[in-house]
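Below is one structure. I have some questions about it.
A, B and C label the chains in the order they appear, each numbered from 1.
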Amino acid sequence: MRYLSWVYLLALFTFILLPVVTLVVFSFQDGRLPVPPFKGVTFEWYAKVLSDRAMMEALFNSLIVALLSSLCALTLGFLAASGLARVILPGSALMRGALIAPMTVSYLIIALGLLQMFNQIGLRPSLLATGIGHVVINLPLCFAIIYAAIGEHQKSALKAARDLGAREWQVLWLVAAPMLMPSLAAAFFLAFTFSWDEFIIAFLLTRFDVTLPVEIWSMLRSGLSPETNAVGSLVFLVSIAIVVVLELTLFRKGSK
Amino acid sequence: MSIEAQEKRQGVALVTPALLWTLVFFAVPFGAMALMSLAHLEGREIVQGHDLGNYLRIFTDPSLRRGIFVSLEITATVTVISVLLAWPLAWIIATRVPQRWRRMVLLLAVLPFWTSYVVRSYSWALVLGEKGVVMNALVGLGLLAEPVQIMATRAATVTGFVHFFVMLLTLTIYSNLIQLSPNYARAAQDLGASQWQVIRLVILPLTLPGVMTGAFLTFVLCIGDYITPQILGGNNELTLPQLIMLQLGRRGDYPMASALSIVLMAIVTLAYAASARWLKMERV
Amino acid sequence: MTADVHINAVEHRFNSFTALHRVDLEIAAGEFIVLLGPSGCGKTTLLSIIGGFYTPSEGQVLIGGKDMTHVGPKDRPTTTMFQDYALFPHMTLCDNVAFGLRMRGMSKVARSEKAMEMLDMVGLADKAGRKPHELSGGQRQRVALARALAVEPDVLLLDEPLGALDLKLRRQMQDELKAIQRRVGTTFVHVTHDQEEAMAIADRIVVMNHGRIEHCGTPEEVYLTPKTLFSANFMGEMNRIPVSAAGASPLGQLDVPAGEGLLCLRPENIGLEGQFSLGPARLTEASFFGAHHRCHFTPVNAPDLTLVAHLPQGAYPQVGAEVELFGRDPVILPPAMTEAA
């Protein structure tokens, strides 16, 4: 049984890591095709990617869209969660349901609906349109995370703040936000990741200025190339670097 | 005005922006799409209508109807294989791997999450291609006389999906497993259960609600995904999302794309209705 | 700094459930009032109405003579000390205590000074820079008290503040609460379900049940001369013997004041000597409680009844022995007062 466990673990890890390892290894391929045999190490492809203007622009666009849309989703979600946690309104359950609903719908359907509406009202496919779509998918997530974090204890602290004379904005800014900081950070981080990696909404709702996943997608059309490997490896390394930094700073501090 | 009424007004004021956003950018587009699904295309013009012609076509036109079955078959296959592969992995990490290595091993198990979704599918295309690593190894070891075509088949799509969802399910099942008190297993062993019986009669049933939730998530994400089947499966057989994109791209047939989307959503809703009841019963 | 509170015919309903039935209560300035009763009796609802968290369905709340019925908690001269203390986890003790003053626009220097003064009063001045999670339960409770008192409210409302503490700490905190109340002179309205706590700290106890006030009086009055069977039982153990107007009872003819109803006797008021005889009884069970022996007697004349008596340390008859029991300080509740229980 013990022996079998390790064999299984090894097999599954091979399966899980094989594509990533292949991706990274062949990003150094000194040749035109990222497939065996491995012909030697070159950094040519990385140089090409980093000097690729369209790619760098897409990267920048992705950052902006992810940052702004997650901030927007976070703010809306935070306000809604504080409001619904504050009083039991008639239809509270319905409102919660309505706010969570987009989470159960495929991104493709959300994108298609937005595309048709934007066509109707004359809003051109753009980063703004994409950002709006990303807020739609991330708002339920932010709301759910923050709402779940407001327990009886938090509610009574908010009540105490009002009792001591705080105005509503002071309650939110001085007590609720700092008190819920760990979940706000988690919600923001998740929303950012989802927006950063989102393809189908961005694909349908952008045209000239595109985000990184869409730019990578258009690279795929030209078939397998070590350059695509290099882009993928870079995204991978940057993501891991961010995770490690977060792990060492934010979460370590939070867990103390 | 009573104090409660003031409180309610403030509560409503806080919820309103988010509700408005959801209404304007989710409910309204969705309604517009539902309406659009009743229209049809004449030449390149969209003609508003109120008939179910598109839906009728989806269930009669063989190429469209096939899409529903292809999507369902792929999704079901992926969900089952992923659960079967992920459970033992999560169990091994939770119980066999020494405590101090556990976090490390878990991080390694989900490492590919950190590549972008598009790149992940691309890297499978790299691995599974005719000249890819797998075929090279199999032919090199003499296990195959010549490369077999995997790319642009359903097998490639399923492999790409399973890769992603094994990671996702391993995470959810693992977090489920470590929350279980070790005393369950101890009590069962104490009463004479073998290790296999402990897993089958105690641990497995206890993780079932978590597994069901993970499986449902897999189902929803898998059936709605466009990238993986498009990159790995090619155009031999088309899933629902591929069909939707095809309607948009080739002919600008928004009405048909909308109708297909509604069908896709209906399938997800049905799956939810089916599994939600089951889940609740399990949690009691 | 202190004010009286008038509750005039306050009724409160949650949908179809009536939590308070036309409650009237006068609280004098500087008084320490305890609302006592089992969970669901309406005591917390009444406290929330005084604090401004609910508007009563009917009736009026006057604080310091002003109508506060429709004024929110923010603008009332009351502060509440919550059951779970509701300290702000991200702020230091000093910032927690200074919060209310900050909301009132006090300068940073002035409010820190005042906060330190308050922390000093509760004996936590040396921990001003700590965060709430670094404190013990009793210390958190003190910080919550300091925070609520820092804004110098006229009325302090305490919602089961000692509920989460262990018994020993609880007794100690009761004494401190009482001392601090004497010092600041603020009106305290304190909610609890622990009758010992109520007796230890209250100037007056308000016994509540099913949304009504059963009895309102000093601890002595409430304990010794209960007005209803409910408050008699809630304040402590009670022997109940039905008596007729002429003094006839299952135990035989009793020499008690005239009146039909239930004769109520506390266990410590039954003994081997006293004001009137309860007839012969057999000791069936006894256990030693330190200060007294708790004894179960079966009256010879009424074998279905059990009388519980606390006998002094020295006097302890053998189980099975037959003795004559006597009663003291009888309270006879007329039938109308014994229904609600």
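Keep this in mind: contacts are C-beta pairs under 8 Å (C-beta built on N, C-alpha and C of every residue); 3 or more make two chains touch, one makes a residue touch a chain.
Quick caveat: nothing in here was measured; it's all calculated off a predicted structure.
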| item | value |
| --- | --- |
| For chain B and chain C, chains touching each | A |
| Chain centroid nearest the full-protein CA centroid | A |
| Chain centre separation (chain A, chain C; CA means) in Å | 54 |
| Distance from chain B to chain A - Cα centre to Cα centre, in angstrom | 17 |
| Residues within chain C bordering two or more other chains | 52-53, 72-73 |
| Where chain B touches two or more other chains, by residue | 4, 7 |
| Contacts with two or more other chains, residues of chain A listed in rising order | none |
| Complex interface listing, chain A residues touching chain C | 152-153, 156-157, 159-167, 170, 174-175, 178-179, 181 |
| Residue ranges of chain B in contact with chain A within the complex | 4, 7-8, 10-15, 17-19, 21-23, 25-30, 32-33, 36, 85, 88-89, 92-93, 96-97, 108-109, 111-112, 114-120, 122-127, 129, 131-133, 136, 163, 166-167, 195, 220, 223-227, 231, 241, 244-245, 248, 254, 257-258, 261, 264-265, 268-269, 272 |
| Touching residues (chain side chain A, partner chain B) in the complex | 1-2, 5-6, 8-9, 12-13, 15-20, 22-23, 26, 33-36, 76-77, 79-80, 82-84, 86-87, 89, 95, 98-99, 101-102, 104-110, 112-114, 116-117, 120, 132-133, 135-136, 139, 143, 168, 196-197, 199-200, 204, 212-213, 216-217, 220, 224, 228-229, 231-232, 235-236, 239-240, 243 |
| Chain C - residues contacting chain A, complex | 51-53, 72-75, 78-80, 82-84, 86-91, 99-100, 103-104, 147-148, 151 |
| Touch list for chain B against partner chain C, complex | 1-4, 6-7 |
